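Next come the structures, one after another.
The two complexes that follow have subunit A in common; it is paired with subunit B in the first and with subunit C in the second.
What follows is the complex of A and B.
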């Protein structure tokens, strides 16, 4: 498989199910990354839909699991970082966003100079109190990510901002479930945001995988112009492999996460390559 | 109906006097639906308001899980052990539903075979003529999306709601029943699903052109209930 390392210069990796499973590294992942990072002609970029960590915290996790940090934090992207970059140039002085997301996501936004209101715990509001609810007129976007504290009250404010006051609604991703282990699934960000999706009749603009907006943001920051030299490596057909297809780049699915060979057979979207694990790239 | 009037109607159902038995909420209907299906010691996991838990209690249905849940780190769910006496997961309007509570409900249904029922699936409810709010369907949408289904809907437009009312009141001749409502998707659809006639009134969410554009048609169209006199 040395030909894959020769055929591509930019390697995008999903994290969970590809480089590690929870806190356990995938065998061979560490060595692969170190080989790639040592080569000046190769670029390694991690792309995760998990919006709850800042780049620094993501790098802490890399260090904890793989034993080393990424030398350049700009090679770590979460869907939260992508949202922050997407909005950064669209907000004027004094304009804000209404956030349904984690503390980590609000830190990411702050680091990008995006001011967020609304995140955290909301006191439950009696439905009739909403008759007199006055939104903040400087809010131009509503931003949705994984939010452990999203309740009807917070969702309703977001709904009013979008439906009545024309705020643009963007979200990190729409994964309905995420695997905790091989037997237990948990509702994902798509499930957390499903209420707003249902009430509005649309998901808002998805910035994270599988949206090609995520790729455009990465490509712009890293000056990637030749898509034919980019390979996306992931374990999830609907997010990672679809992302590659939507972005016009090649992809490799690995079987160390949520996807098994028969899933590829049954899937409408096909990866360019199928690997047992990232170790096979070496 | 709006939450506070629902709560008043529900909380006022303190006895089974004849007046109160003519007041049904979807919560009351769920409680009656469950009452005969739970064995001694069996419980339900509730995503709903305090009012709903009171309704269930009055019907002898024991609920666990409602109220505020401490946020759980995703990895803590690896060791989450559900209560084995929980046989149903019940969803209603829940101002305190968060990902943590939803996840427990999801595990009960998906892994432990609890039956999932809900009061209704209204995506929005009108606060005023200009302001809409997300409704129960929106609150429960996350669980719906994760499970891939809404669970069994007990309230309007489900005919189960009519069956429950009919049973308690001994209604046997459907041709002599009229449903009057303002919402085509819940009230008029409910009548159609239950095999009874209906009248839509224009004092609420529906206007004449909505009836024209609707697949489900009421038997009658009235400007208001006053026209019944």
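What follows is the complex of A and C.
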């Protein structure tokens, strides 16, 4: 499999289920990244749909699990970072966004110079109080990410911004579940935003995986022009491998996360390569 | 005025039926103000000694608050409790009389009025009110109480990830029954002279329904459960002489079709005149407002 390291120069890695599971590193992941980071002709970029951390916090997690930090924070992307970059050039002076997201996402937006309203806990409103709800007229986007504070009240305000006031609705991702353990699943961003999706009749523009918008943003920041030299490595067929397909790049699925070999057989989207783990790249 | 009718009878609509099942919001009142013609229509129904049963999916109101509204807004002071059916009441009767609930616990995602309705029927429940976020460590340690056998999911302004997760765990780990008192996609509230459409109960259920495999138990319109329940509890109705009057095609009209009873759509609430020609199936009557039954 050494030919894989020769065939590609840019390696995009999903994180959970690929480089680590929670706080446990995948065997061989540390060594692989160290080898790649030591080579000047190779680029390593982490791409995660988890929008709850800033780049700095993501790097802290890398250090905690793998024992070293990524030397360049620009090589760490969350779907939250991608959303911030997507919007930043489209917002004029004084224009804001309505945010349904985590504290980490709020920090990411601030760092990118995007001003958000609506973040945090909302006083519950009964249906008839919405008669007098007056939105902020400077809001141009409604942004959905994993929001532990998303209540029906907050979601209704988002709905009014989009449906009545024409705000553009974008979201970080639509992953329905995230596995807590082998026996327990937790609701993911897709489940949290499902109510707004049902009410609007659409998910909004997905910026994170599997959207190729995420790839365009990464490619632009890193000057990636030759897609044939890019490999996406992930554990999720619907997000990681579909992302690669949508972006026109090759992909490798690893079996250390949510996908097992029979899932690949049954899947419409096929990865270019199937690996037991990232260790096989070496 | 009657806008259109499938009926060829010469009799007025009110004379053709003995029992009138009437939706509330958009038919009798909107945001606590009487709908035009509602008072006249109700007075005529009572004078003609017709059976009037209010059937509303709205479980944000208790029966006694609806009785008060009937009195204060429409001048009808004595509508009996058993003739006011909310999906909250129907859920309580389902749990008590159909499922014969005893020690089993109910996890409730709903507004305050719903909890009071369950209290009225002596059904104990938990989960009402705000629930702080629990992180992954807390969820890993969360012990699922095996006596929670029912999860009731209705509109809840405090509904969030934590409640969604807890509901999901009772359904998947306890095989708890997932009950949906209503599945309304939207509600309307007054805005200036018109109405503002806002996400309804379905938006609270969407994430949970997507995550669990089993279909939920429907209670409210358009399911015919309430029609069957009224008859089981209070005696048979003459289906051929029963009319459902409502403002929503998806809930009220489909309820009427499912029960095999006559249907009248009013245009004073959800449905608009331009929607009518696009319906898969035409209601028996379409009218500007409920006073159309007097024509």
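Here, the second predicted complex is superposed on the first by the 282 of 282 C-alpha atoms of A that agree within 3 Å, B and C clash if a C-alpha of one lies under 4 Å from a C-alpha of the other, contacts with A are read in each partner's own complex, and residues count from 1 in each chain.
Just so we're on the same page, a residue touches a chain if its C-beta (ideal position, glycine included) is under 8 Å from a C-beta of that chain, and two chains touch if they have at least 3 such contacts.
What you are looking at is a predicted structure, and each value in this text was computed from that prediction instead of being measured.
Undergrad: Give one word, clash or fit, describing how subunit B and subunit C relate on subunit A after superposing.
TA: clash
Undergrad: Considering only the touch criterion stated at the top, classify A:210 as touching first (subunit B), second (subunit C), both, or neither.
TA: After superposing on A, A:210 lies clear of both subunit B and subunit C.
Undergrad: First (subunit B), second (subunit C), both or neither: which does A:147 touch?
TA: Both: A:147 reaches subunit B and subunit C.
Undergrad: So, A:131: does it touch subunit B (first), subunit C (second), both, or neither?
TA: both
Undergrad: Tell me the contact category for A:155 with respect to subunit B and subunit C: first, second, both or neither.
TA: In the superposition, A:155 touches subunit B and subunit C alike.
Undergrad: A:101 in the overlay: touching subunit B, subunit C, both, or neither? Say first, second, both or neither.
TA: After superposition on chain A, A:101 lies in contact with neither partner.
Undergrad: Which partner does A:257 reach: the first (subunit B), the second (subunit C), both, or neither?
TA: It touches nothing on subunit B or subunit C.
Undergrad: Both subunit B and subunit C touch subunit A; at which residues?
TA: On subunit A, the overlap between the subunit B and subunit C contacts is residues 124, 126-128, 130-131, 147-153, 155-156, 159-160, 163-164, 176-177, 180-181, 184-187, 190-199.
Undergrad: List the residues on subunit A that touch subunit B in their complex, please.
TA: The contact residues of subunit A facing subunit B are 22, 124, 126-128, 130-131, 146-153, 155-156, 159-160, 163-164, 176-178, 180-181, 183-188, 190-199.
Undergrad: Spell out the residues on subunit B that touch subunit A in their complex, using ranges where they run on.
TA: Touch list, subunit B to subunit A: 2-4, 71, 74-75, 77-78, 93-100, 102-103, 106-107, 110-111, 123-125, 127-128, 130-135, 137-146.
Undergrad: Over in the complex, which subunit C residues touch subunit A? Could you list them?
TA: 31-32, 60, 111, 130, 133, 136, 139-140, 155-162, 164-165, 168-169, 185-187, 189-191, 196-199, 202-208, 210-211
Undergrad: What residues on subunit A touch subunit C, complex-wise?
TA: 124-128, 130-131, 147-153, 155-156, 159-160, 163-164, 176-177, 180-181, 184-187, 190-199
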